[in-house]
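Please find the structures below.
Look for chain A in each of the two complexes below; its partner is chain B in the first and chain C in the second.
For the complex of A and B:
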C-alpha cells in the first residue's frame, strides 16, 4: 500500500531565491512531505511560516513580535 | 343719814349700840340662817355647776393639748420619715443617674469603636480597590505600550528588511527548526 505524502504550506513575505527554496524543500522533505506550496503574504513582515499537517513553524517577523508581545 | 338723830338715840339708850341700831339676837340668828341657806343654795346651784363646767373645759383642753401633742409627734415622725424617704430617693436617683451615665458611656464607646472599625475597613477596602485599579491601569498601559512598540517595530522592520535580511532570517529559522 502506497503511503500518502503530505504537502507543506509555505508562507513568505516576498519571493525567495532558488537557493532558499531548495533549503525549504529539503526541510519539508525531511519532515515527510513531498513538496511545498508557496504563498506570498507581505503582512507577515518577513521571514517564513510553514504549515505541515497540524504543526506550524512560525518564523515570521509578525509571529516573533507577537511572541515578544505575549511575553511582555 | 341724819347723824345727829342717831347720836341722840345712842345717848338715850344709855350707850347700848345694838339696841340703838335695833339689832337683836333673833335677827342675828335669822341672818345667819339666811346666810347659810344662801351659801348652800349658791354652792349647789352655782358653784358646783361652774366647777363641773370648768373641770370639763379643763379636760377638753387637756384632750385637745394631748391631740395636739400627738399630732405634733405624728408630724415630726412624718417629717423624719419623709426626710428619710427623700434621702433614699435622692440616693436611688443618684444611682440611676450613675448607671445611666455608665450605660450611655459604654454605648458611646461601642458606637465610636464600631465607627472606627467601619472606617478602617472602608479605608482598607478603598486602598485594596485603588491597588487593584492601579494594577489594572498599569497592565493596560503596559499592554498598550507593548502594542505600540510591536506596531512600531513591525513598521520599522518592514521598511528596513532587505531581501538579503529576509533570506538570512529564513535560513536561520530553518537551521533552528532542524535542530529540534
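For the complex of A and C:
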C-alpha cells in the first residue's frame, strides 16, 4: 500500500531562520512527509517539537526538563 | 537534621548524569475522556497493560486495543485531561516499588507513601502483573501458619502457601480474623501485607492504628486504596500487594497477605469494564472476572527448597449479601481457594465470636501442615461438635432427655464456649493444646455451664503464673503423651477446685460480660 503523504507539525519557540527551516524540511521529508506546518509556542521554552503521524520528536527545553525530572 | 547541602549535591549529580536526548516516541491524541476512561487515537505499537503518560504528567493504563483507537483508564487527574491532549506510550508495564523499606509503611498501589513519614527508601521495582510460580517450582504445604484463633487452628488449619477464603456477611468479624492473624505473627518470621481495596478511609485508619498500637507495623506493610480512590487504583491494589509479597517470597521469606476485600475488587473491575464498553455477563460482571481473581490467587504458593522455600499465604476476604454464598463472586473465589472460613451473622449475634460456622468451613490442604499434637486432639473435637449440633436441633422440641443425651449436650455447649475467643487475645500453640486437652476431658462436667469462657481464660492465667514449665514442656510437633495429658489435667483440676469451690470467683454478671466481649 502506498503511504499517504502527510504534513508534519513543527512547534518552535520563535520564528526560525532560513537555514533552520531548510534543515527541518530535510528532516521531515526523510520521514515521508511532504511539508511542514509551523506553530510558534513560546511556552516550550526553546528548541523544537516535531509531530509526524503518531510520533513525536521532542527536542524542546520543556520536554528535556521533564525527562530529567523523571530520571531524578 | 536534614542536610540540605548533601541533598543539593546529590541532585546536581543526578541532573548531570541524566541522559538528555531528543526522545522520539509514539504518541496519540485523546478523542474521548469521561469517568476516568480515555479513548486515544493513534498510539501505534502500544501493548496490553502498558503504562501510558498523558500530557501534564498523569498516568494511565492501556486496556483495550481496538482497530482504530486505544481504550485506557486514568490513575489520576481525570478532571484535568482534555480533548486533544497527547498521550505517550512508555514501553513499561505498571511497576510497584518493593523492598525491606516498605515494612512499617502505608503506601498506595504504586508504592507512594501515604503515611506522612517521608519518601520510601526502596530502589527496586517489580512488575505488578507477574506469572505465578510454575508447578515444578512449588512444594507441598507442610508448615502451619498460626492464626492464634483456637477455632481456626484446631479445625480449619491454615498452612504456609495456602489460600484460605474468609467469607461472610457484613459485620461478622471477617477483618477481625485477618487482623488477629497479623497480630499473632509478632515475634515470628512471617512478613504481613494488608491490602485494602475500596474500603472506607475511617475503617482503614482504625486498622492501621490497631496494627500500630499492637506493635505489628515493623513486619507489616499496608497497601491501600480507599473508596474515593480512582477505580483503576482499586483494581491494581491486590496485584501491587502481591508483587511486594513475591519480592519477599523469592528471597525465601514466608509472607501472609490479606486482600480485604475481593468483592469490592470485582465491583471496581466491573465499573472499569462497563465504562470501557466491554460486554457484560452475569450480574453485569465482565467475562474475565474469574481470571481476574484466579491469576491473583495462583501467585500464592509454597516454593520448593531449590527456589528458596519461601511462601505466600493468601487470606482473601469476600463479603456476601444475606448469607448467599452461591452468588457469582463468592462461588468463583470459593472454587479458586483451598478452603474457606465461613462466618455467620446469626452466630455472631448469639455471642459465638469468632462467628465461625465449623460445619461449613473447610481447609483442603492445611490438615497436613497442622501441628501433630493439635491434629491428634482436634479430630475428636470435630466429631463431637457435629454430634452436638445434631442433638441441639432435637433439643428445640423440648422433649425429656435421658442423662446420656444431656451430658452430650452440656459437653457440646462447653466445647462451643471453648472456641469463643476475645478479639486481640491470641493463644499460642501450646496454650491451645492445653485448652483442647481440658475441654475434651471429663473435667468439664465439673464446670458450671455458661462459665466455660471465663474458666478457660482463668485457667490459662493460672497455668502461666503457676505452671509455666508445664506449658513450656508441651511439644507441638509430637503426639500428646499420656503422661503430659495427666499432668495437664491435674493442674487444671487444681484450678477447677479453687474456682468452683469459691462461687465468688466469677460472678454471673462478670461471666456474662466476658462472654459478650
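Definition applied: the second predicted complex is superposed on the first by the 69 of 72 C-alpha atoms of A that agree within 3 Å, B and C clash if a C-alpha of one lies under 4 Å from a C-alpha of the other, contacts with A are read in each partner's own complex, and residues count from 1 in each chain.
The rule we apply is simple: a residue touches a chain if its C-beta (ideal position, glycine included) is under 8 Å from a C-beta of that chain, and two chains touch if they have at least 3 such contacts.
Since we're looking at a predicted model, the values are computed, not measured.
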| item | value |
| --- | --- |
| Three-chain arrangement built on chain A, chain B and chain C clash or fit | clash |
| Comparison of chain B and chain C by chain A residues contacted | B |
| First (chain B), second (chain C), both or neither touched by A:68 | both |
| Which of chain B and chain C A:56 touches, first, second, both or neither | second |
| Which superposed partner A:45 touches (first chain B, second chain C, both, neither) | first |
| Touching partner for A:14 - first (chain B), second (chain C), both, neither | first |
| Which of chain B and chain C A:23 touches, first, second, both or neither | first |
| Clash-bearing segment of chain B relative to chain C, given 1-9, 55-63, 127-135 or 145-153 | 127-135 |
| Residues of chain A that lie at the interface with chain B and also at the interface with chain C | 57, 59, 66, 68, 72 |
| Residue ranges of chain A touching chain B (in the complex, touch as defined) | 12-14, 16-17, 20, 23-24, 27, 30, 42, 45-48, 57, 59, 61-62, 65-66, 68-69, 72 |
| Residues on chain B engaged by chain A in the complex (per definition of touch) | 142, 146-147, 149-150, 153-154, 157-158, 161, 163, 165-167, 169-174, 176-178 |
| Contacting residues of chain A [partner chain C, same complex] | 51, 53-59, 63-64, 66-68, 71-72 |
| Footprint of chain A on chain C - complex, ascending | 11, 14-15, 18-28, 42-44, 57, 86, 88 |
